[in-house]
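Order of writing sets the chain letters: A, B, C and D. Residues in each chain are counted from 1.
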Amino acid sequence: MDYQALLEQIHDQLRPVIGQGQVANYIPELAGVSPQHFGMAVVQLDGTVHAVGDARVPFSIQSISKLFTLVMALQCEGDALWQRVGREPSGNPFNSLVQLERESGIPRNPFINAGALVLADVLCTRYAVPETAVVDLTRKLAGHEDIHYNRRVAKSERDTAHRNAAMAYFIKSFGNLRNPVPQVLDAYCRHCAIEMNCVDLARAVTLLAHHGVLPRTGERLLSLGAAKRINALMLTCGTYDAAGDFAFSVGLPAKSGVGGGIVALVPGECGVCVWSPGLAPSGNSLAGSLALEHFTTLTGRSIF
Amino acid sequence: MDYQALLEQIHDQLRPVIGQGQVANYIPELAGVSPQHFGMAVVQLDGTVHAVGDARVPFSIQSISKLFTLVMALQCEGDALWQRVGREPSGNPFNSLVQLERESGIPRNPFINAGALVLADVLCTRYAVPETAVVDLTRKLAGHEDIHYNRRVAKSERDTAHRNAAMAYFIKSFGNLRNPVPQVLDAYCRHCAIEMNCVDLARAVTLLAHHGVLPRTGERLLSLGAAKRINALMLTCGTYDAAGDFAFSVGLPAKSGVGGGIVALVPGECGVCVWSPGLAPSGNSLAGSLALEHFTTLTGRSIF
Amino acid sequence: MDYQALLEQIHDQLRPVIGQGQVANYIPELAGVSPQHFGMAVVQLDGTVHAVGDARVPFSIQSISKLFTLVMALQCEGDALWQRVGREPSGNPFNSLVQLERESGIPRNPFINAGALVLADVLCTRYAVPETAVVDLTRKLAGHEDIHYNRRVAKSERDTAHRNAAMAYFIKSFGNLRNPVPQVLDAYCRHCAIEMNCVDLARAVTLLAHHGVLPRTGERLLSLGAAKRINALMLTCGTYDAAGDFAFSVGLPAKSGVGGGIVALVPGECGVCVWSPGLAPSGNSLAGSLALEHFTTLTGRSIF
Amino acid sequence: MDYQALLEQIHDQLRPVIGQGQVANYIPELAGVSPQHFGMAVVQLDGTVHAVGDARVPFSIQSISKLFTLVMALQCEGDALWQRVGREPSGNPFNSLVQLERESGIPRNPFINAGALVLADVLCTRYAVPETAVVDLTRKLAGHEDIHYNRRVAKSERDTAHRNAAMAYFIKSFGNLRNPVPQVLDAYCRHCAIEMNCVDLARAVTLLAHHGVLPRTGERLLSLGAAKRINALMLTCGTYDAAGDFAFSVGLPAKSGVGGGIVALVPGECGVCVWSPGLAPSGNSLAGSLALEHFTTLTGRSIF
């Protein structure tokens, strides 16, 4: 597979749609990003990097951070984690509070905000400075030290996170948060504010494409079972309420963020990341979703 | 892969749990089935059959029929079908009526009852006797003529289908059923009452493992894209509200029925069917789910 | 209190708004009624009648019939009725199906459609031809024989009652309907199609203003307690999802119908009925609601 | 009416049930109150006091405070208040968060917690120390200075108010709280922690029985319309999810609190207060509800 030619072909095909969609605007720091960005990278298990466009421009990873905090929470808690958070698609973007009520404070899955607040709580219990621990993991996965979280983004998100605060206090009312809510929200907002580029992120998810073994070093960070299961969760729950549609049209495990990034992976083969800030109504990058659809059509590499 | 040895190993491992779980009891015809049955079959793309236990005993396929009616509705309508039924997991077993309300009568996906009622309506429009057409498809996929629907089961289901009737009238109130509700319910209940055995069903889903081409004849019944997409739907929506968990623990596209059957498939390789009537609270066969979990663990053949 | 002068004053004040609002249009027979109608009547406990405008023009009583079927169902079942239907406001027009689910098929109160279907079921059990029995009660309350139900309206409603059918089958699935659903729907639609005029209806509710004793004859049809409790139900549940607002601005027990009629009563004093077909978004007659608001402001006769 | 004899009769009749029910136990200060308390008082518009049992023992008024903050918020905002809070029964104790979602952060009525948080926000905007202003109103209504809020109760409630915090942040996310959430919660919890006795409270609600004029001084604190409307709200929304049932069986405007107090009033006649800490599952005082039911049965003084 000539991935470099493929990425260039995808980039060319997508030029007409780059810039379309709505850039996330609930905080000024995200609203100011140009919708014209487009970057895409593939990193193979042997470390070979293929990249086009803005693949080395850092962006706010936002909900993609939930993938990293899930890896860490599983390292902390093992399967006991699944007593505090479920593994089912949430079905409806609007009713997470209803579901929390019905399911007594157990979020449906770790990739909705409610679930990621529980992950953040796990990390607050285990680490004195959880955001530092998460940044350290992203550095290890990316293979270099120049990864940080953006303090202004984190602060802006924290100041406007009324709905996440509502969710956190609601979970707390069921006894499913151990740490003070403000501390959990601080950690959560900092995780979301981590900045990485497409090459970093594509390399990071080779961990999951390689079933839990860090390709660069051969170190096992997750059991085979845990890695496969995270892949399954990405497929069923990774792209907000469009997960069914995404599985249908792309057919790869993926996790998106409102910063416009989407990571995906081909098991046994490679990690992929695409970034373009214009979002579809589902909250997923519009050009990014199409790029991944082209990727599986052209490579025939869907998991189905 | 020595599938025959594998099936025998799985059968041995599961002996302690066969008979556990609750046999579906909402109609007498299902309640009378012995919970001690267990059968499992693998059919490879070249037609080789492997089978253990009661793999040749016919059972009521129930919701597995939704897979066949989906194939037919897609043949009738193509992608226009997706304007009448969605492709997202339903999230909650209890709120399909709520979701219908919120989404103006468009069921979340074709594998929930509401969605299958729309499929039945499509077939009522296209075929004078839709149940005959569905039976014909199952005969073609299984490669023999001895497949029927059980009239007593169909009648029993029809007489007690108050909740499905409620759903159908509700969808009708939004204009998303074209035919009279009683006619749609008749067809739906007859589809559910089709009886097949594990070998038939494992062979039937080789169509999807072979990406839309009937392996026995080489005839293409579905486009590559349509076949892959049905596989994706099975993974995200095929096993009731346990789809996330099933993807997590089994990792194969699958569709279950309350008769205790589950079909699954390994893309490019084989169709699988397991049957054991005792159900877990999720509505999926208890021993059947475990059998498939063993299958992917032992073969390493999950799609992730 | 010079009620006649009062009614004329109200009629004059309302002239600018008569004709506003939306005439119910889900069946042709209702859609064809002129929005320019306005009638109002007061009948005192001694039988004195005061009337203005179209107070003697018959109209479709629609949901006002729920008041009469409640009186009859209470006569049949006594307090045992309250095991099959609740006494609480429904809170939300959109979620009656959700509430039925949560409350296992027990409708919140007898004035929502779900509740009135249970009332109709009670009458189907007790009477061979329940609609005849209901018409007989309205004749007795109105003091003359010329009251009928409109067969074309009943048939039209029956043919389009998909949502009520959904509700009825849903209640049936919980075991809270004893008779076949089509029979219950027939009765329900015929009750709604009864035609009466403002004078008839104002006289009919003097039964409740007189705490269960028919003023014309002195016959007790309901116990004091039952009559007061129906009044309480009218106040808290009688005007769709605007009951709180109606209690707030009018402050009298009342029951409205989408035909544009509203009955109300001043305990110990009189029955009132107003009719004007243009509806507010709440489903209550727009001019009718304002007329009753004027009535309590001018008479000082709210119950608060 | 010999109210004193009446109260003694009611007290005697209720002895067998006093002590039944569940004392509110979510904070230690409430859990420690003896369930054996029972007090009841009637204060007539001319100031005559009738009292039995523990009618002069102070208790935590809890949600009865919503009545006083509503009076004050109406004094601050007039009818503009109704743009920020609704006037409809909430229908379901469990779904206030759902309703907030559906209705964009506008609580259904001022007597559910969500609504009272908006009232507290109005008072936070108007008063530097809102709890002092509320205490001042209760002193004015009761006619003496010895009324305070219990700081330990307020602190305990504040420390465990996770669900109220969730609600407040959720309302804030819709822009319907103007002040910082912690400040609003502080005020809210202090209002709930005010302590008064039955005589104080019965006298306080004579303001509403007298339609907005303080009987003791003749001072008008609310317009006639506003007073009648508060009475209507008490009837439709004053006793949690049992308001329909309460209107049905008692038939008087009333407001209850989980401290076991219930205030009620007979328009034009008297204020009533009963206190007994054992609660029915609805959250209303068990013996208190029965006492009021006896009161209207024996006096014939329901508003219906």
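One rule holds for everything that comes next: a contact is a pair of C-beta atoms (placed from the backbone, for glycine too) under 8 Å apart; a residue touches a chain by one contact, two chains touch by 3 or more.
Remember, predicted model here, so these are calculated numbers, not experimental data.
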* **chain D reached from chain B - shortest hop count over touching chains** => 2
* Report back the single chain whose CA centre is most distant from the CA centre of chain A. => C
* Structure fact -> chain A to chain C, mean C-alpha position gap in Å, rounds to 56
* Asked: Taking each chain's centre as its mean C-alpha position, how far apart are chain C and chain D in Å?
  -> 32
* Structure fact -> Here the gap between chain A and chain D, centre to centre from mean Cα coordinates and rounded to Å, is 48
* Structure fact -> Residues in chain D with touches to at least two other chains are numbered 94-95
* Asked: What pairs of chains are touching here?
  -> A-B, A-D, B-C, C-D
* To do: Would you pull the chain B residues touching chain A in the complex into a rising list?
  => 86-92, 94-95, 99, 102, 108-109, 228-229, 231-233, 235-237, 241-245, 247-249, 251, 253, 267, 302-304
* Of all residues in chain C, which touch chain B in the complex? -> 94-95, 97-98, 101, 162-163, 165-170, 172-173, 181
